[in-house]
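Both complexes shown next keep subunit A, but they swap its partner, so subunit B is in the first and subunit C is in the second.
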Partner chain A sequence: MLELNDLSIVYPENHGPLTAVDHVSLRLERGGRLGIIGESGCGKSSLALSLMGLNRKARTHGTIVYQGVQLNGQSDKAFKAVRWKKIAMVFQNGSEVLNPVLNVFEQLDEVLKTHRRFSTKQRRELVLTWLERVGLDRNWAFEFPHRLSGGMRQRALLAMALCCEPELLILDEPTSSLDARSRSELMGLIDSIQADQGYSLILISHQLSVIEAMTTDLLTLYAGQMMEYGPTHTLLHHPMHPYTRGLINASPDYQIYKELWGMPGGNHETPASNGCPFAPRCVQKGPRCKNSRPQVQIITDGRSLACNKGGIEILLKGEHLHKSFALKKGTVQALCDVNVELKSGEILAVLGKTGSGKSTLAHVLSGLYPSDQGRLTFWEPGLDSLSATRKRDGLQIVFQDPYSSTSHRMTVLDTVKEPLDILGWGTSESRRDAALSALAQVELPNKPEFLEKHGHALSGGQRQRLSLARALTMKPRILIADEITSMLDPSSRANLLRTLMGLQNAQGFSMIFITHDLFLARKVADRVMVMDRGRCIEQGSSVRVFQNPFHPRTRELVDTMLGNVKNEPMLGMKQNVYNLLKPREAETFFQVNHNKEQRRTP
Partner chain B sequence: MKKLGRLTEYVITVLIILSINFFLPRMMPGDPFLFLSGDQGEQISAYSDEQIRQYKACYGLDQPIFRSYLSYLADLFRGRLGQSLYFNESVGHIVLRRLPWTVFLVCGAILFSTVLGTALGSLSAFYRNRLLDNVLYGFMMFFSEIPAFLIGLFFLFVFAASLGLFPLSGALTSFSPDRSVVQVLKDIIHHAVLPVAALSLTRLGGMYLLVRNIMISIIPKAYMRTARAKGLSRYRIFIRHGLRNALLPLTTRIFMSLGTLVGGAVLVENVFAYPGLGLMISQAVMVHDYPLIQGIFLVITLLVLSANLMSEVLYRVLDPRVKDGEG
Partner chain C sequence: MNRFTKNLHYFSPTGKAGLIILSLFFLMAVFSARLTTHPHDVSSGKALMPPCFDHVLGTDDIGVDLWSQLVYGARISLLVGFLTAGISGCFGALVGMFAGYTGGWMDRFFMRIIDGMMVLPDLPVMIVLAAFFGPGLAQVILVLSLFSWVFTARIVRSRVLVIKQKEYVIYARISGAGPVYLMRKHLFPEVLPLVWVSMIRLAGKAIVAEAGLSFLGLGDPTSRSWGLIIYHATRFPGIYYTRFWTWWLLYPFLALSGMVLALAFVCRDLETLADPRMNQKISGGV
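Here is the complex of A and B:
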């Protein structure tokens, strides 16, 4: 029904033309529901406005074809024929979207007057019916727009768009000004009227949950270019473009547990015309991305992608990994048929009880132990775990115990630049600089007196930061963090984690975060892998695993964790009991209660 | 509460103007009785000192100035404007006779400059930065800088003196009785064309610029885009959505600029010898006719102030948002 062929929209600005939409092609069938997402300024609204020919100053290249008729041409005529009769729009809610000096009724009535042949009386009845249909009381019809609340104005805008029964409805941020309840009401309304009238939908929104509920296809725009296109559900749950993933990671309705981090950068400096526009902010940019513009490629059924690297890369892949240790009597299976995969820019948390094989996995991946069986591949062919740890832009590991992983006899500076010294990287001057900047990154002082300190003079938190800085001098692509916070007090732990997460977000390295602390994992991880007795029992997105664990042991793990939370209010009571009773009596009181509990839950 | 505040403001303004009205003419050098019989500029007196003393006592001019100020205020409260010294007639009568001509002139000028200014200003705004806009803009800037009396003199020379299309002076042809109402009306309009045109032209530049600026700020508004999206006709978008919003700042500005317009009218009336209040003022000033000067200024002041008050009231009626802002 609607077809965009190689559409570009260019605004002639004083300091050179600004391309708002850049070679976008797409099709929308009758009754189709298309969502468009992207950061502000990515060209969503320009695209929507161009469909109705409302970009006054813009030049359009390419064609907009509606029902076989090209709309953008020499004159306004073709657009005039479809405006509001066939294509209507619910504008982004603003105080001046409706004319401030005309009342709501007049503003609805005039469209009917222009496009439909009805008597004054019929029009009046129709307007009032539509207002009621969208849930706005008729009494509000004769009020001026400024007296309506944001939600009511949104409803009036919707009624105005629908009253001529359009074939295509464009909604620009229809729910951004609404609270959760009105939002779902409005969405339900648009849905039910669509079932009735069968209009097609184009929905622009920042709220991904709204997009997922309302649309079947989704387009991601960046700098006016199409980054990814495909079925909404698949795109939101298995994004292939780092940009789409960045958008999802920054949405509180999708990242319900993890700390929210936006994509770094984004001041929209004009991207190099011949490179990938997203490259400056991409976590996996390569040399090619700078000077070759990615072409939109069809990946699978109805899914297409514009990325030079074919979407989010897989940096590390372990298949059927086995590792056993010989004991005096028999052997212990530390890893048993473990498959693991790490994508670029991703944080994978490896969870499990002590002795479940988490650390063994970390050691196998970083090449400290060879695996007995299985295959380990990295982003570059020919790379193995040992060579990956021996290069910059490779793989680094940070251990649990900073006291044994950093030498207490070496100075701070020597510790940090040790890997560079071993590699013989650059000059001694540049190694020192790299060490200093790594220290700054982990928020350690880089004053001369501190640099000359010896390891034993530092606190645990400082030493752990030191070992992190040492790993960061190598600018790792993958960082394995093996229980790095377990020996720190809660405040140092929180500080260290925030630093680490900030660095991860800014530099975009991938991370394997090994912990037995589920709460921590929930705040940190994109994906979670649960280990039990050397086996991987569950893998999935953090939200899915924590909300709906498949494996009974994972469920048990999550339940214990959440169970602890439920019992927390008990602390207060416990304190009261201690205050009321003598210590000994209190002990017995709790002992008895505990035994009762034990009996109740087999 | 707020309304009361505005009212007090107006009352204070009137009081201040009244005082200035009273003291300013009396600060002029000279004396009414020196001029009663003498030609302008000549200081000869037809009266003996005895007579002058008598007259001064009669008009209360021998009293200390502060006392006469108080009695002036007291008279005003009783609705008396006083007696003209020169014309020996009640000031109220003189003002009432002259007022309609000035009002006619001013209203005519407002009407023409507003209609023409709105049309040209909107045209300019819609064709912003194109040839039409540039030409209009330059033309208007040029004319708006010329004072009213110069334009008036130019009109007099060209259209009245050289071409003889319009009368040179006055508002009515005198000494021609037995004419029908239509003929009289025609005569009045014939006389008024040049003064109204001169006055309109000086205002036109300002109006044009105002409308152009307002429309330029309105065109990119979101509701104008909504109106275009709705597929309304150009006429409807322009009138209902554009001009309707421009009306608010426009009306207030028209009323606010009444003061300068009356000032312009005084000059234009003198150029065309048009028998309005403006011509009367200059005559009154020449002969030091204090009560007449005070009376005319008072009426003009009240007119301008009430126009301001009206603009506020009108704004409230036109803009639905102002009402709620107060509530």
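Here is the complex of A and C:
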């Protein structure tokens, strides 16, 4: 029905042309529901306005074809023929769009009068019917817009757009100023009317939950360029472009547990036209991204992607990893057929009880000892776990015990630049500079007197920051954090975690966060891997695993550590006892405790 | 020097006394020519003179001044003590570090040798060896070193085993540090205080052992160590029936005991300083 071919929209600005939409092609079928997401200024609204022919200042290249008729490049007539009658739009800001000197009825009436040929009586009836259909009481019809609430104004605008019975409805942020209840009401309304009328829908929104509920296909735009396109649900749950993932990670409706972090560097100048526009902010940019503009490639099942690296890279992949340790009697299987995958810019939390093989996994991945069986592949062919830890831009590990992971005898400066010294990287000045900047990153002072301090003169929190700084001097691509906060007090732990997460967001390194603290993992992780007795029993997105664990043991872990604690601490304890002991033993345990309590109270 | 004065603060009064006595002996050895008026190897007076103004500590059976012998003997004792300690300390440290670092069969091999050396009764074997090599200062030092390195090696190895498991060493290792780097940067500086302590202890032992060997007649007959003075004194037939022992035997004995006691005091304080639990106090080694 609607077809955009290589559409570009350029605003002739004083300091040079500004490309708002850059070579976008897409098709929308009758009854289709397309969502468009992207940061502010990415060209969503320009695109919508151009579809309505309302973007008079801009020059358009390429074609907008509606039902076989090219709209742009012609006189305004072509647009007039379809505007409101065929394509209608609900604007973002109700209070600005509605005419303040006309009441709601008059505004709707005006639209009908212009675009449809009805008698006055018919028009009146139609307006009032539509207002009722969108859930606005007749009494409000004769009020001026300023007397209406935001939700009511939005409804009036919707009625205005729908009263000409268009074939394509464009909604530009229809719900952004509404509360949750009005939002869901409005969404339901649009949904039910769509089922009734069968119009196609283009929905522009920052609220991803609205997008997911309302649309079937989704387009992500960045700097006017199409980054990713595909079925909404798949795209939102398995994004392939770092930008799409960044949008999802910054969205509170999807990151319900994790701390929210926006993509860093939002106010960059428009990047050079010959490279990938997202490259300056991308976590996995390579040398090619600077110079070569990514072409839109069709991946599978209606998904297409514009990324020079073919989407989010897989940095590390372990397949069928086995590791056992010899004991005096027999062996202990620390890792048993573990598969692990880490994407770029992702935080994978490895959870499990003590002795479940979490640290062994970290040690195998960082090359501390080789796995008995299985294959470990890294982002570069020919790289193994040994060479990955011995290069900049490689893999780094931070250990659990700050007192053991940094030498008490070495000075702060020597400790931080040690890996660079071992590598023989650069000159001694550049190593020192790298160490100083790493210290600044972890918020440790870099004054000379502090640099000369010995490890033993620092607190546990400081030493853990020191070992983090040491890893950061190597500008790692992957950071393995092995229970790094377990030995710190709550305040130092929170501070260290915030620093770490901030650094992760700014530098974009991938992280394997090993912990037994589910609360912490929930705050940190994008994806979760649960280990039990050396096996990986469950992997999935953090939200899914914590809300709906599949494996009974994961369920047990989540229930005992999170579920019951949330409701009643004592109940959680009780549940723990039941889990640990057999039912009869547990009964006895509580009976004995109960008797003791009774004896204590006279 | 600054660090030395800083560390001096941690010494106990006995340790300080030990240091003073030790430095006095050192001065004695260094300035022996200026401290004596008589030669130490040629007769300079009547035989068996009791202490008097000319010969402050008297003379021995052939009229050699005892004070001169004692002063020059300090040279021998210190030389033997510290050379033995140095050789065996360095060798032991190397072996210990190597065995601890490499582990596996190398470690087991060295440990069995050390165990064997430890259970051997050292004095009889030393006598046999000294007899085999013949009398002489170098031989004495060699024989003593041969038996002393095992203690240092054992201590160093156990410490290296602990440090090797520390995560900062593991981190350096996975960052690409080779054995030489690890030993130079991490292992050696960590075990150095322990090596110092064991060397001081060995010095005391070596001085006594040298005296023992000399006393048994296995020392260097041309030198005049304290052990040899005692050896000659006890060989004198009437030593137990006369009052000669009050100067001839007593003063070398006092010098020997003083030196060993001083070393023991210093060693005890150094041990406390080098204790891993007191690591905070000995940043950068003793």
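Convention: the second predicted complex is superposed on the first by the 560 of 602 C-alpha atoms of A that agree within 3 Å, B and C clash if a C-alpha of one lies under 4 Å from a C-alpha of the other, contacts with A are read in each partner's own complex, and residues count from 1 in each chain.
The rule is short, and it goes like this: a contact is a pair of C-beta atoms (placed from the backbone, for glycine too) under 8 Å apart; a residue touches a chain by one contact, two chains touch by 3 or more.
Keep in mind the model is a prediction, meaning the values are calculated, not measured.
If you put the two complexes together on subunit A, you find that subunit B and subunit C both fit without a clash.
Of the two partner chains placed by superposition, only subunit C is touched by A:Gly367; subunit B is not. In the superposed model, A:Ala195 lies in contact with neither subunit B nor subunit C. In the superposed pair of complexes, A:Ala180 makes contact with neither subunit B nor subunit C.
Once the two complexes are overlaid on the shared chain, A:His408 sits against subunit C while remaining clear of subunit B. Legend: residue contacts after superposition of the two complexes on their common chain; A:Ala326 is shown touching neither subunit B nor subunit C. Of all Cα pairs linking subunit B with subunit C in the superposition, the shortest spans 61 Å. Shared contact residues on subunit A (touching subunit B in one structure, subunit C in the other): none found. Residues 366-368, 386, 389-390, 397, 399-401, 404-410, 415, 418-419, 422-423, 454, 456, 467, 470, 474 of subunit A are the ones that touch subunit C when the two sit in their complex.
Across the complex, subunit A is touched by residues 221-223, 225-233, 236, 240-241, 244-245, 247-248, 318-321, 324 of subunit B. On subunit C, the positions that touch subunit A within their shared complex are 166-168, 170-172, 174-177, 181, 185-186, 189-190, 279-280, 283-284. Only residues 49, 52, 54, 80, 83-85, 88-89, 91, 94, 96-103, 110-111, 114-115, 144, 146-147, 160 of subunit A touch subunit B when the two sit together in their complex.
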